[in-house]
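Structures given as structure tokens follow.
The same subunit A turns up in both complexes below, where it pairs with subunit B and then with subunit C.
Moving on to the complex of A and B:
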């Protein structure tokens, strides 16, 4: 999974307010509010970054142990993939938002 | 071919022609939308009503609120409920609805059209009442049973633009509330209704919370946006529309007072609003 490329689902609408993303998922009409760390992960998912790049970015920007960042990022990305907000791909994708 | 009967009404500043082969349906629309009939305006949207007698007469039959399912496909929005099924094309600005000869399903279909069309015009439909006090317009928002109609009834000395769904749109750079035909329970009581074609600049929006004490809890920008989005009438399954709604909600939250109003069953909450 670390070498997979991550992109946002182009069908979702989102806006970052006060460092926190508000996301509307179209299928269930649900509103989601991400905390600042989750927002950086979400915003970094531009189709050109791999999972490992995003973990590195989190370690750089936040005071967090690499082991914890690794575990939490993987769990979070898996959760957002499950909720169809993020998409994993073996190759970089053109779409970026 | 049957003669087309029609009436032009203006909702949220948008002229809409309602046409049908049924003269009775158009007469019902003229009565149901009295105060909004605008024969001199050129319609931006045309809605054709086809009569289907197999549909429910009443959108609120069996004591349950009407549930609408919405799908979108390449600019066409489809809505389906027990009392109507319809389609609105956001490119041609034409809508078609199949319903019984009754006004309630037409209310629902027009509310659906406004919900998907208004974002492109800088507006949205919100679960809220709109009350005018001393020349200022306040919105009190919340889901069903939150107290919107109660607050409207407790404000009978002021003018009421709507008690259930507010039509909000930017006009001259400010967010304004328009007169709305989408009523809940107040109109039947004959309170101080203002069915108007005009609009009034919004001073504040308050999200209702029934309580034993009365106070306003101010909301930050993000919390306000979340509350506004939660109380929008309908979220389209369409990224472009939802992106516009998020942007409008943010702009709205930054331009008016936002808070949670804790209130009890008297009109003392107005003192808190005046001091907010």
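Moving on to the complex of A and C:
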């Protein structure tokens, strides 16, 4: 999974307000609010970054231990993939927001 | 630092609190036109002698809404497909990453439009159906053959897998057929919603209120398991949040076809014209809006002390249209609350 490229689902409407994302999931019309760290992960998913790049970015920006960032980022990205907010791909994708 | 996903995602109520506290107009009701090909007897809209917004003006409004972090646009009318530029406008909104809902009577939707709507991927298309009996439906819309066209639109949209909701204002003359509408919605995989609160016209004309259903019908509706089991099946009030009487003007607003900003489609307090001012300035600085935002439940002299408050879906728009005062008491809300609370069964 670390080498997979992460992109946002292009059907997702969202806004980043200050440092928190509000995401609208089209299937249920529900709004979700991400905390600032989760928002950085979500925003970093531009189709050109791999999972490992995003983990590195989180370690750099939030000064946290790589082991912890690794575990929590993977859990979170898996969760967003499950919720169809993010998409994993073996290759970089063109779409980015 | 990152936390377990369950805590990273915050509850829906947190979204409401966040957008209200930061005054983000997350939901915007955008009336595209007051033109309509139907003549519904209960319609609350009043045509005014003003020019409606042009395509470019609406796009500019949408750009301004995007800058203020609006996220969900409800396109409504009149009848939105009376505008030849509907797709131009809605596709532009989609480009700007809005979630879109469309309110329509469906009568102007053909297969080409349905296919184009499918590409737009709206959150939902909502179509008004008053009865499955053509005589009843068409007598309400004032146009013969309108039921057939609206039902055809539902089928076309369903074939394109577009999420649907059937909306039905319930009145004396269509109440008896509401269960058939539920059955239709279930067959189509659509949501359904009934509104027992016909509202006065925006100019204060209350003559339409004689169409409202009475106590017996309302009790039947509220006791119906198909309604009770589905929270979404009846329209509620404005949504009381953190002591506010409604979220209108806090994280939502309406823009009418003439470019005037209002707290809500049925709260016709003009906050400013987008032809004279930009949205940001109106949203942040309108004295009327700031006054509305300062209202708390405790300011409602009668309602705040009412024993039925917990089961009341009080709507400031309805109170305003009935009494001319947003702090006033809507007799209709009181009536529904009394029935809802079960008091009628003991009196």
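Note that in this section the second predicted complex is superposed on the first by the 97 of 97 C-alpha atoms of A that agree within 3 Å, B and C clash if a C-alpha of one lies under 4 Å from a C-alpha of the other, contacts with A are read in each partner's own complex, and residues count from 1 in each chain.
Throughout what follows, a contact is a pair of C-beta atoms (placed from the backbone, for glycine too) under 8 Å apart; a residue touches a chain by one contact, two chains touch by 3 or more.
Predicted, not measured: the structure shown is a model, and the values here were computed from it.
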Of subunit B and subunit C, the chain that contacts the larger number of subunit A residues: C
Partner chain(s) touched by A:20 [first = subunit B, second = subunit C, both, neither]: both
Contacts of A:11 with subunit B and subunit C, given as first, second, both or neither: both
Which superposed partner A:38 touches (first subunit B, second subunit C, both, neither): second
Residues of subunit A at both interfaces, subunit B in one complex, subunit C in the other: 11, 13-15, 17-18, 20, 22, 24, 26, 29, 31, 33
Interfacial residue positions of subunit C with respect to subunit A in the complex: 1-5, 7-10, 12, 14-15, 18-19, 22, 24, 26, 69, 71-72, 97-99, 121, 123-124
Subunit B contact footprint on subunit A (complex, rising order): 10-15, 17-18, 20, 22, 24, 26-27, 29, 31, 33
Complex contact set, residues of subunit B against subunit A: 220-222, 225-226, 229-230, 235-240, 242-243, 245-247, 250
Of subunit A, residues touching subunit C in the complex: 11, 13-15, 17-18, 20, 22, 24, 26, 29-35, 37-38, 41, 58, 62, 64, 68-69, 72-73, 75-76, 79-80, 97
